[in-house]
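The structure appears below as structure tokens.
Note that the chains take the letters A, B and C in the order they are written out, and that residue 1 is the start of every chain.
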Amino acid sequence: MKTKVLNGASNVGMFLAHALELENEAVDRYNELADSMESHNNVEVAKLFHDLATYSAKHAEEVKQLAREHGSLPKVAPWEFQWDATKESPEAAAFENAHYLMKPHHALKMALLSEHQGNNYYASVAAETKDPEVARLAREFADEEAGHVELVRKWLERYPAPKDDWSDDPDPPNISD
Amino acid sequence: MTVDSVTIALVGSGGAGAMTAGQMLLDAAANVGWYGLMSRSTGPQIRGGEAAALVRLSPTPVHGPGDRFDIIIAFDWQNVERFAAELPLSDKSVIITDPSQGEVPAVLAASGARQMELPIKELAGRIPGGRVNMVGLGAVAATIGLPRAGIDAVIQKALGKKGDAAVQASNAGIDAGAKEAAGWNLGLELAAPNKNGATRWNISGNEAAGLGALKGGVKFCAAYPITPATEILEWLAPNLAKTGGKLVQAEDELASIAMCLGASFSGVPSITATAGPGLSLMTECIGLGVASETPVVIVDVQRGGPSTGIPTKSEQSDLNIAVYGLHGDAPHLVVGPTSIGDCLFTTQWAVHLAEALQTVAIVLSDQAMGQSRAVIDKPEDAPYTAKRLLATDLGGEGKYLRYANTESGISPVAIPGMPGGEHTADGLEHAENALPSSQASDHQKQLDKRLRKLTSYDYGDAWADIEGEGEIAVVTWGSATGPSREAVRRLEAAGTKVRLVAIRLISPVQPAKLAAALDGVTKVLVVEQTHGAQFHKFLRGHYDLPGAVSVFSRPGPLPIRAREVHETLLSLI
Amino acid sequence: MDTHLSDDAVAPVPGDYKSDVKPIWCPGCGDYSVLAGITRAMANMGLKREDTVVVSGIGCSSRIPAYTSVYGYHTVHGRSLAVASGVKLARPELNVLIFGGDGDGFSIGGNHFLHACRRNVDMTYIVMDNQVYGMTKGQASPTTEADWCESKLTPEGPGVNPIQPVALALACGANFVARGFSNDPNQVARLIVEGVKHPGFSVIHILSPCVTFRPEQRGWKSTVHPYGREPTDDPNEAMRAVLEDDGFGLGIFLAGNRRPFQPESTATRSIAQIEEGFAV
């Protein structure tokens, strides 16, 4: 049970700063993962991450628009953001879960987790805040994330779990510098 | 009857003050208008060891050590056998010896040199605060006809701060020695100085190299001490600070060269100095300088090698590592000063070239030049300073290409602080945009570019010292130039014309220029101080030498003397 | 550290400090997150790109400079700290950061690490420790456990005890010493910001798993723990505490008060005046 209220729940400015960080980081991370897949010639998953980035960018743009309407937002250092259950921004897929031979199934599982965490964060804020405007926005965003969760879940249905040997590589690692 | 050159050894151990007396002799001779050269030879002890100051004086510029010693004065004979091979004598030489110190060692007496007894210790003992080295200095001064005024000025300068008693004791010692020697009439009076009105300098090769660095525009030095290069670093420490630069002591030579590269990457002209062992450690980072096109100058004051070798003695045997020591195809600059005074010009030129060509320059000095002092005419000012081709129009449409494949091979460089020029310089092979690339076309392009910038550059006349004419030519470099020059002039004086070509720009090679310099030559004598004839093989690898080629090459620690080159040339005529 | 801040009207974002070069690290590698932490730290401080120099040696993590948009120098194995010292000593107004790995920093570059700590030049060293040489296919590094038997080079294990980087940094005199974990790039960013702002030489040891040669390091996320003490300015106190730590405590161990080394010089003489000293 939480005793401390998330700082993103304190007022609209702080909420939007958090939302902006969450959405931007989600887009950046999907793009970074896509780049990493491209570097490792995993074209299929690279494209999938790019698509996820594109979808996320749409929501990020909506948040940016709200932020612009609100005016200047407080400056928050990376480590001052408070997320309900994660260390990083909740919708940024964890780098550590990537694998160079990963399949779309794995990528979508990563995305599902991210969207879930995003949804949970907004729901937590909605539950905690005493500011009615924050509550309204947080509920709205939580609903949107819930939609994403559904979308990714449906998407995932098309990519069942691969066989256990998906990460087998007959070649050894390469020598570099 | 006077002589036109006199060579003197002052020998003594453990606090006799032989070195100080030698230094004062050189300084006094300079004061009265003679030219001079002083080198030193010491045992391995930090204090109290046997030591010899080796001084040559002349009314004309001194190019190298004398053929033999005219005078040896010994304050004692402790361990002098160690120097015997460095003290060639003849029956015309004079040994000034203190009977209280025992017989003249057989190895020296065997030369048949005249022996003059001087009770040095006794004479010094009669003077309150008297010292043997001042008695010896007085005897030598009287023997060579050094005017007393020259010595007075030196004593005043050296001892004035210690008070009148010290000055009087020194004067009394010198007078006592001079009085004894006055009646000897040894025929070793040096011809009158020729004061041509020009300013003279009293400078060591290591100081000259340091000054060359300053004049070239160096503002940073990372230093790790090593014999016989340390004096460059110690001279630069205060003098860089006075001129707005900085010297930092590094933890080893790996660090000193790396720090220089860092400073240079940030746009500050940088230098370090070392000897063979340090140069060996630096080679990986020198390759980084070549590949990342980061200018840096390394002065290698060569000593006997391999390994720890003979740290206090000279050799030219780092030529191979300087030219060929880097892995990969790594063209860079190697230059060698041709005299003590030229350590200034060549180091200054090296800074200029390294900066202009964005590469590494290795200056091959050696112990014989670095740790010897010479009285010379003040070197002329040279117009060479550090000037790097900086990038312009940064932040425009196109992305900045650090390693742009230009016609000259020189790519305009952006240094930190220049917006729009951000890039990562790399020792990995790279494309023009500086990003790592292992593609054949990029490797070829960058190798070509790094070579082209060196080979297409106009080095002007400074690539070599070319003197005289005739069908015989001496081709040499570095400190072997001095004795070669003297040998050539002796032959000229005797009516035989001989050319001298002392190559200053070792790498990149200049085949067309050397061919022109040797046009009409039928015999070539290569002179160098290595065991393996490294310079001769280097020449053979890169040049077509005309006619019959002979080689005079031998290792240290004994210096090459004009007599050896002269005799070799006579055998070729 | 007197950091050179961007004067852009628009607040910089992490993306401003990324180049368009795609990292070659294995997907899952901790270094991706460290890079994220680095660019977030740079954006947070608003470092001017043209006044910032990042230096590295050789190794996976030493590839970072090319992935940033500031000035960089990718040097040779082990020498990054010496090169970076040259940059900072020659141009004190620049912001200087060094990136590297455990082999680069503590094995081939060990002597430079020792002296960089004691020299205390005002720069920040971010060393990514995965206890293995990755680019040469998984050999034991100076931080590898004595009984790690997965390398063909040391099939019975390296057989020698690993170095403790944080203790070593303290012993050698580093002025700011901290440990982070790649899993938490925001804390990595915080440590870097603190390190850059703190005067003198700052060592930031970052546990950064190698998923290819040390896949078991994925488990570090349940091993790490907060260091649990407030930073001290007393190196002795920091050392005592660090010796009790299990090597997985995260936080700032020391924020000391040693004066940074930075020789200053002002021209007071012309070269002509210096030359006069040689005149007879």
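Going forward, contacts are C-beta pairs under 8 Å (C-beta built on N, C-alpha and C of every residue); 3 or more make two chains touch, one makes a residue touch a chain.
Worth saying up front: this structure is predicted, and the values here are computed from it rather than measured.
*Asks:* Find the most central chain, measuring centrality by the gap between its CA centroid and the centroid of all protein CA atoms shown.
*Replies:* Chain nearest the overall C-alpha centroid, as shown: C.
*Asks:* State the pair of chains with the top count of C-beta pairs in contact.
*Replies:* Top-ranked chain pair by contact count is B-C.
*Asks:* Provide the C-alpha centroid distance between chain B and chain C, rounded to the nearest whole angstrom.
*Replies:* 42
*Asks:* Any idea how many Å lie between the Cα centroids of chain A and chain C?
*Replies:* So the centre of chain A lies 29 Å away from the centre of chain C.
*Asks:* Taking each chain's centre as the mean position of its Cα atoms, how many Å separate chain A from chain B?
*Replies:* Inter-chain centre distance comes to 68 Å.
*Asks:* Where in chain B do residues touch at least two different other chains?
*Replies:* Where chain B meets two or more other chains at a single residue, that happens at 428.
*Asks:* Which residues does chain A have that touch at least 2 chains other than itself?
*Replies:* Answer for chain A, listing residues that touch two or more other chains: 177.
*Asks:* In the complex of these two chains, what residues of chain C are touching chain A?
*Replies:* Residue list for chain C touching chain A: 11, 13-15, 22-30, 32-33, 36-37, 40-41, 44, 58-60, 62-63, 135-138, 182-187, 189-190, 193, 209, 211-213, 218, 221.
*Asks:* So in the complex, the part of chain B that touches chain C is made up of which residues?
*Replies:* Touching chain C from chain B are residues 27, 30-31, 199-203, 207, 211, 214-215, 219-220, 222, 239-248, 250-252, 254-256, 258-268, 270, 284-285, 287-288, 292, 375, 378, 414, 416-428, 434-436.
*Asks:* In their complex, what parts of chain A are in touch with chain C?
*Replies:* 24, 28, 32-33, 35-40, 42, 75, 77-79, 81, 87-88, 94-100, 102, 172-177
*Asks:* Quick check on the complex: what are the chain C residues that touch chain B?
*Replies:* 21, 48-55, 65-66, 68-76, 78-79, 82-91, 94, 111-112, 114-115, 263, 265-271, 274-275, 278-280
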